[in-house]
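Each structure below appears as structure tokens.
You will see chain A twice below: alongside chain B first, and alongside chain C after that.
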Partner chain A sequence: MTIDQYLFALFALLTCGGAISVVICQNVVRMAFSLIISLASISALFFLLSADFVGATQLMVYVGGTIVLLIFGVMLTSSSALLQIRTSPAEGFLAAGIGVLFLSVFSFTVWSVDWDRNEAKLAGVTAVDVPPQDYNEASSGNTVRPLAMSFVGLRPDKAGKAPGYLLPFEIVSVHLLVVLIGAAYLARTKRRVSAES
Partner chain B sequence: MSLILAAESLAEIINSYAECDASSVAIAAVIHVALIGAFFGLPAGIFIWAERKVSARIQDRLGPTRVGGRFGWLQAVADGAKLVQKEDLCPKDADKPLFRIAPYVVVIASFAAFMFLPFTDGWSAVSLDVGMFLLFAMLSLEVIGVILAGYASGSKWALFGGMREAAQMVSYEIPMSICALIPIVMAGTLNLNEVIHYQSADWIGVIPPFLHWNVFHPVAGPAFIVYFVCATASCKRAPFDLAEAESELVAGFLTEYSGMRWSFFFLAEYASMFLVSAVAAILFLGGWDDGFGIVRALKGNSTNVLDPGVIAGNLLGAGVLMLKASKLVLIQIWVRWTLPRLRIDQVMTTCLKYLLPMSCALFLAAVVYPMALVLGTGRPQILPLSNDVSAEAEMSTSSEVEVERAAADGEVT
Partner chain C sequence: MDAIGLNNVLAIGAVLFVCGVICMTTKRNGIGVLMGVELVLNGANLNFVAFARYSSMGLDGHVISLFVIVLAAAEAAVALAIALNFYNNHLTIDVDRGDELRG
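And then the complex of A and B:
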């Protein structure tokens, strides 16, 4: 096994362990911490796969942004009902069913890949020397520039024929804004009600 | 670039002396970690001493005078020795695992961000095309440790400190990131080393090279001030130290901590002070560029990293960057002992009503300014590049290269 594989095993274990402890824990803040471990390990997996940009975005958006908002929201609305979550058996049953369905979809996807053909395809590719600095070649993992260009609607790699991702990008950002405003609104009203009562 | 190959170029050098591929990567990685550890710990120790000395002088005292000779040089070591011996307390009401783990989260986040700092031209542990982005992502993780510490302590003071910290960090991160984006947009890259290359230049006639630093740019100059204010706030430094606020909240999120865990928080605070100052120096003050073309002259056109000239130039560059970052840290210390603490509503007002609109306006100006200059003068900047003819030629060739590269990418895909 190479160092890469050891690290992959480590971070994959951390990802799964974090995810499992999110389900098992009943305290919201501990859940959030397990989620941090899980999501940060996923970003480490992205780095191992040379997807720097996606890994950094994972850290920035999920770990740095969403989780902080989550913990912050819990602290803001810290009533004992929110801090301890107890699920009823029916809920557990339902969640387990959905989880098993998801697992079957994922495992179907994983097993439907023809790995041997992929290996054969990759056999001709030799390791690319990564320059220690400066822009890397696109083949060695530098996807930043094409990605950024396609986010603003330009596709130089497809000679301008394919559409960029400007519209989905905008829709996602507006959606996120709506979610944030909604969360702030919910936190606010709850607080006001408790102040009156 | 895979993370474990972060030490790639060093591994190649080791490999050229001893033929062992796997272990040379490991050795290079260990060297990198040790070096970053030194750059993480040593400045923190020195700045803790400096903080005592500077605060003492500002308050008309002498500060530490005995430990390690006349100036109290070894005060930080003595502090460390004292803290190691202290009992590691954990309150009864605390959420114990989270309480124990919170200091490590803070230290690791701060330490990990050091990986992406280019200490001098090409000397960084991990040189990524998204280095700046990843550095800010790592820095934003620090707040998680503080919030956890505040929550897990099981104390009202700590909870208040953690909440204030969360509100402050979440809001100050926005203008800070927008201001950091301005040099990024100007240089057109997220690679920190490339941002410095963009600012370093040779003498052109009588124009000294330091005029190319972003801080002398009419838009990026004000952005530097806004960035520095936000960076001070993001390190929880006075006048923004509401998370600790010893006169109101005992010690905020630090209230229940003692011994080594407490000192981890402090180590991380001073290290991230140094880190944001180094980032400010890189983005706005030319990083390792000394401003008079000495580093560039020493390095010449040599590409061999073991060339004496290159090594001398790199060492000088590292010293220049350290000096710039230390100056900025000293300013932070000076501000801390001069200005009174803001109230929490004033902190939020400063950020959301003043700094955020300012940073947005500056960002817009940074995008529009080169266009306006091109319309007015035909060139995207006021200062001449090496000289106009060759500069334009260079620009056109680089854009041709860009087009060719894009075409090649298209063929590949």
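And then the complex of A and C:
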């Protein structure tokens, strides 16, 4: 085994263990901590798959932003009595059974597909482009420059035959602005309803 | 090239998806449901990046996973605002209490 495989096994175990303990824990703060472990290990898996920019974005946006947002939510909504709301054991067993069924279906599907044969078929349909100088293949890392070029609508690695992503980039920027204004409007302080309900 | 293997990464994505779905369906805490959504989105992201790495389709998987990360951040912000409003109105975060629209 190479060092890549050891690291992959370690981070795969951390990812799956974190996700499973998010499901099992009943305390919200412990769930948030397990989620941090799981998401950080996923970003390590991205680095191992040579997706350096996506891994860095995952660390900054998810682990640095979204999780902090969730922890603020936990702090703002949990008085000590509400910190754990238990599910009944029957529901837990039912969900575990359904989850095992789901997982077996997915694993069976994934392992029964011959990806190499599909790849050979695909190679006949799509022309293989020679990337220009200073461009790497997507599978060899160093993806920042090709990603930035594709976000401004240029695809030199596909010889102009594939579309860039300028319009989706603009749409998602305006979408983010609108969503953040809407969230600030929704979350502003209002008169609190009395406790009898 | 084949040091890790596509199937192993897809299996991890499947585990994340299943954990997220179970988390969404069984947690009665609203914040816990949000955490399940994050797990599902991360499983999908892992699949996109794995296919970008192990197939000849180039960089598109990376771009799509970046869009998914941005949309997940937006979704978390709005859902958290809704959860805070729910807490202000009901003084609890238990999603089983939000049954006012039941016929």
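The rule we apply is simple: the second predicted complex is superposed on the first by the 112 of 197 C-alpha atoms of A that agree within 3 Å, B and C clash if a C-alpha of one lies under 4 Å from a C-alpha of the other, contacts with A are read in each partner's own complex, and residues count from 1 in each chain.
In the analysis below, a contact is a pair of C-beta atoms (placed from the backbone, for glycine too) under 8 Å apart; a residue touches a chain by one contact, two chains touch by 3 or more.
Nothing here was measured: the structure is a model prediction, and the numbers come from that model.
Visitor: So, does A:Ile36 touch the first partner chain B, the second partner chain C, both, or neither?
Guide: first
Visitor: So in the superposed three-chain picture, is A:Ala90 touching just chain B, just chain C, both, or none of them (first/second/both/neither)?
Guide: So A:Ala90 meets neither chain B nor chain C here.
Visitor: Looking at A:Asp4, would you say it contacts chain B, chain C, both, or neither? Reply first, second, both or neither.
Guide: After superposition on chain A, A:Asp4 lies in contact with both partners, chain B and chain C.
Visitor: Contact-wise, after the overlay, does A:Val63 reach chain B, chain C, both or neither (first, second, both, neither)?
Guide: first
Visitor: As a test of reading the superposition: which chain, chain B or chain C, is in touch with more residues of chain A?
Guide: The larger set of chain A residues in touch belongs to C.
Visitor: Scan A:Gly99 for contacts with chain B and chain C and give back first, second, both or neither.
Guide: A:Gly99 contacts chain C only, not chain B.
Visitor: Taking the superposition as given, does A:Ala12 touch the first partner, chain B, the second, chain C, both, or neither?
Guide: After superposing on A, A:Ala12 lies in contact with chain C but is clear of chain B.
Visitor: Name the contact category of A:Phe53: first (chain B only), second (chain C only), both, or neither.
Guide: Both partners, chain B and chain C.
Visitor: Across the two complexes, what residues of chain A are contacted by chain B and by chain C?
Guide: Correct list for chain A: 2, 4, 48, 50, 53, 57, 65, 69, 72, 76, 138-139, 146, 157-158.
Visitor: Within the complex, which stretch of chain C touches chain A?
Guide: 1, 3-4, 6-12, 14-23, 25-32, 34-36, 38-39, 42, 45-46, 49-50, 52-63, 65-67, 69-74, 76-78, 80-85, 87-94
Visitor: What does chain B use to touch chain A in their complex?
Guide: 1-5, 8-9, 22, 25-26, 95, 97-98, 101, 122, 124, 127-130, 133-134, 136-138, 140-141, 143-144, 147-148, 150-152, 159, 162-163, 166-167, 169-170, 189-191, 193-194, 406-407, 409-410, 412-413
Visitor: Taking the touch rule as given, give the residues of chain A at its contact with chain B in the complex, in rising order.
Guide: The touching residues are 2-4, 7, 27, 29-30, 33, 36, 40, 44, 47-48, 50, 52-53, 55-57, 59-60, 63-65, 67-69, 71-72, 75-76, 130, 132-136, 138-142, 144-146, 156-159.
Visitor: Once bound in the complex, which stretches of chain A touch chain C?
Guide: 2, 4-5, 8, 12, 15-16, 19-20, 22-23, 28, 31-32, 35, 38-39, 42, 45-46, 48-51, 53-54, 57-58, 61-62, 65-66, 69-70, 72-74, 76-78, 82, 85-87, 91-92, 95-96, 98-99, 102-103, 106-107, 110-111, 115, 119, 122-123, 126, 128, 137-139, 143, 146-147, 150-151, 157-158, 162, 165, 168, 172, 175-176, 179-180, 182-184, 186-187, 190, 192-193, 195, 197
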